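Both of the next two complexes hold chain A, though its partner changes from chain B to chain C.
For the complex of A and B:
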């Protein structure tokens, strides 16, 4: 049951990443065509455009969502690769714990950074 | 291009291993004339009869049906009885036991892990109506379309070639492998079967299809044209749909009713009595 659940979430996370990376590519590389995400003149990475996106709750949510799905997708993939090296049961348990803690810590740091960026942009 | 109509000399390079005398497997060469149409299995028989009587391998039907003579021939898992020497396009034929299995002796692999995994998958029709199965009163109804869902997977002869070609089986002994998984799908996709929930107990865990990389080697080497890689992907989809509770509960096929008021045409003999 566990692998069935993890695999389903893995696939779901992959689908979300596909959409969000598409959005990222649109924002960062199709700015000549789609200006709605970059209202200020200049490059998408210019301060004015970064602040404009940073104020948006939509972008805050997508940043956190992308972070969570990418962490889960990546760590699950890494776990599968390592499990194929046929480690023993204690090593598997340790890896599960390590990836869970590492994922949660990185997610917490990333979410805090996204929130901090949001509040800075709002006050700018 | 080689002329396949005349007898030519070939060298069979065979991986030999006798656990009672050898520490490691080693290669031995056997040179003999190869008449047109000779299969690798016939070559092995010739070696045993005239060059090395201690050579051991498994074979039975010699017509690609029993699945006993799976071997690693010229770098690819094949059935020795189904492989003509001429089709290998080489005068040097290397024959080794199937990879990814322990060797019992010479060309005899230990297929026990594969058959153990196969048994775990409960590869048979599972239904609640055990009385009907033991004392059938009719036939379970199945449409040609429903038959198509599993037909190709039922051609599997359990030769182990797919297991020998699978890169995941090479490293991960927990992974059940393409043959058991495709057979689990064969029965779960049978409209007469109601055993998906029972098989799910195994499939949803580590033994399930999750480690398949979809390299597709199992399908490439299958001597019967079965596509185990497809079965595994379909099974993943079935398990994901089941987890998300998106699929409809499958009702095993009911018994086909004998039509009323139908008269047999003249000249058609009665059906023979049931054998089950």
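For the complex of A and C:
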């Protein structure tokens, strides 16, 4: 039952990622067509454009949401792939713990960076 | 994932990639996993690199300078192409999992028809869409 619930969340997270990562890819890689998110001339990764996007609460929220859903989707997918090798119960428990801790640590780092980047952009 | 209690994967790593004669969709499934693993590896690195903006302009410029050059451009394009494939194929997998595009149930009368034939147009369609997305996105990497 728990696995079915997590699998449903996995698919749901995929749908959220599709929208948010689609937006991210549009902003970063389809800038030749869509310039609205990059007001300064030059590349989307130029500091002026990073600051312009970084000031936005919308981008702050979507970055953190994308971070959380992508980490869950990615690590749960990796866990499923490894579980297909039929490891023993202790190995399964260790993998569950490892991926949970890795996901939470990366989420904490990414959220901190998104918030710090937001405050840096606001003060720039 | 639903636990496979009845028939465990006895093929090991071969069982991850080998599709035997299961058809085109089985290989798309293997490619979906490969691209997923590649995207996860890139994503973990991406969190590290882009976190540099928290330390200001110099740190950001330095980090971006470290990941510049033709090799990184090719790598980024491959990540974009992997994303395009994984995204559209993921939509296909979700649709099929939810029972769409697999046809109506029919009586098992010989000659038997497989629902894989019903899925094939969707699989071909999403691959064409993935290729278009990868090409359009690739234009940005040629600059």
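As a convention for this text, the second predicted complex is superposed on the first by the 124 of 124 C-alpha atoms of A that agree within 3 Å, B and C clash if a C-alpha of one lies under 4 Å from a C-alpha of the other, contacts with A are read in each partner's own complex, and residues count from 1 in each chain.
Following the convention adopted for this analysis, a contact is a pair of C-beta atoms (placed from the backbone, for glycine too) under 8 Å apart; a residue touches a chain by one contact, two chains touch by 3 or more.
Just so it is clear, the structure is predicted and the values come from calculations on it, not from any experiment.
Engineer: Give one of first, second, both or neither to describe whether A:85 is in contact with chain B, with chain C, with both, or with none.
Structural biologist: Both partners, chain B and chain C.
Engineer: Could you tell me if A:15 is touching chain B, chain C, both of them or neither one (first, second, both, neither)?
Structural biologist: Only chain C is touched by A:15; chain B is not.
Engineer: Contacts for A:4 in the overlay, against chain B (first) and chain C (second): which applies, first, second, both or neither?
Structural biologist: After superposing on A, A:4 lies in contact with both chain B and chain C.
Engineer: Comparing chain B against chain C, which has contacts with more of the residues in chain A?
Structural biologist: Partner with more touched residues of chain A: C.
Engineer: Report, in rising order, the residues of chain A that make contact with chain B in one complex and with chain C in the other.
Structural biologist: 3-4, 6-7, 11, 80, 83-86
Engineer: Give every residue of chain A touching chain B within the complex, in rising order.
Structural biologist: Residues 1-8, 11, 80, 83-86.
Engineer: Touching residues of chain B toward chain A in the complex: what are they?
Structural biologist: 168, 171-174, 200, 203-206, 208, 210-211, 236, 239-240, 242-244
Engineer: Using the touch rule from the top, collect the residues of chain C that touch chain A in their complex.
Structural biologist: These residues of chain C touch chain A: 1-4, 8-9, 12-13, 15-16, 33, 36-37, 39-40, 43-44, 47-48, 50-51, 53-57, 60-61, 64, 80, 83, 87, 90-91, 94, 97, 136-137, 139-141, 143.
Engineer: Applying the document's contact rule, which stretches of chain A touch chain C when the two form their complex?
Structural biologist: 3-4, 6-7, 11, 14-15, 18, 21-22, 25, 29-33, 45, 47, 50, 54, 67, 70-71, 74-75, 77-78, 80-81, 83-86, 106, 109-110, 112-113, 116-117, 120, 124
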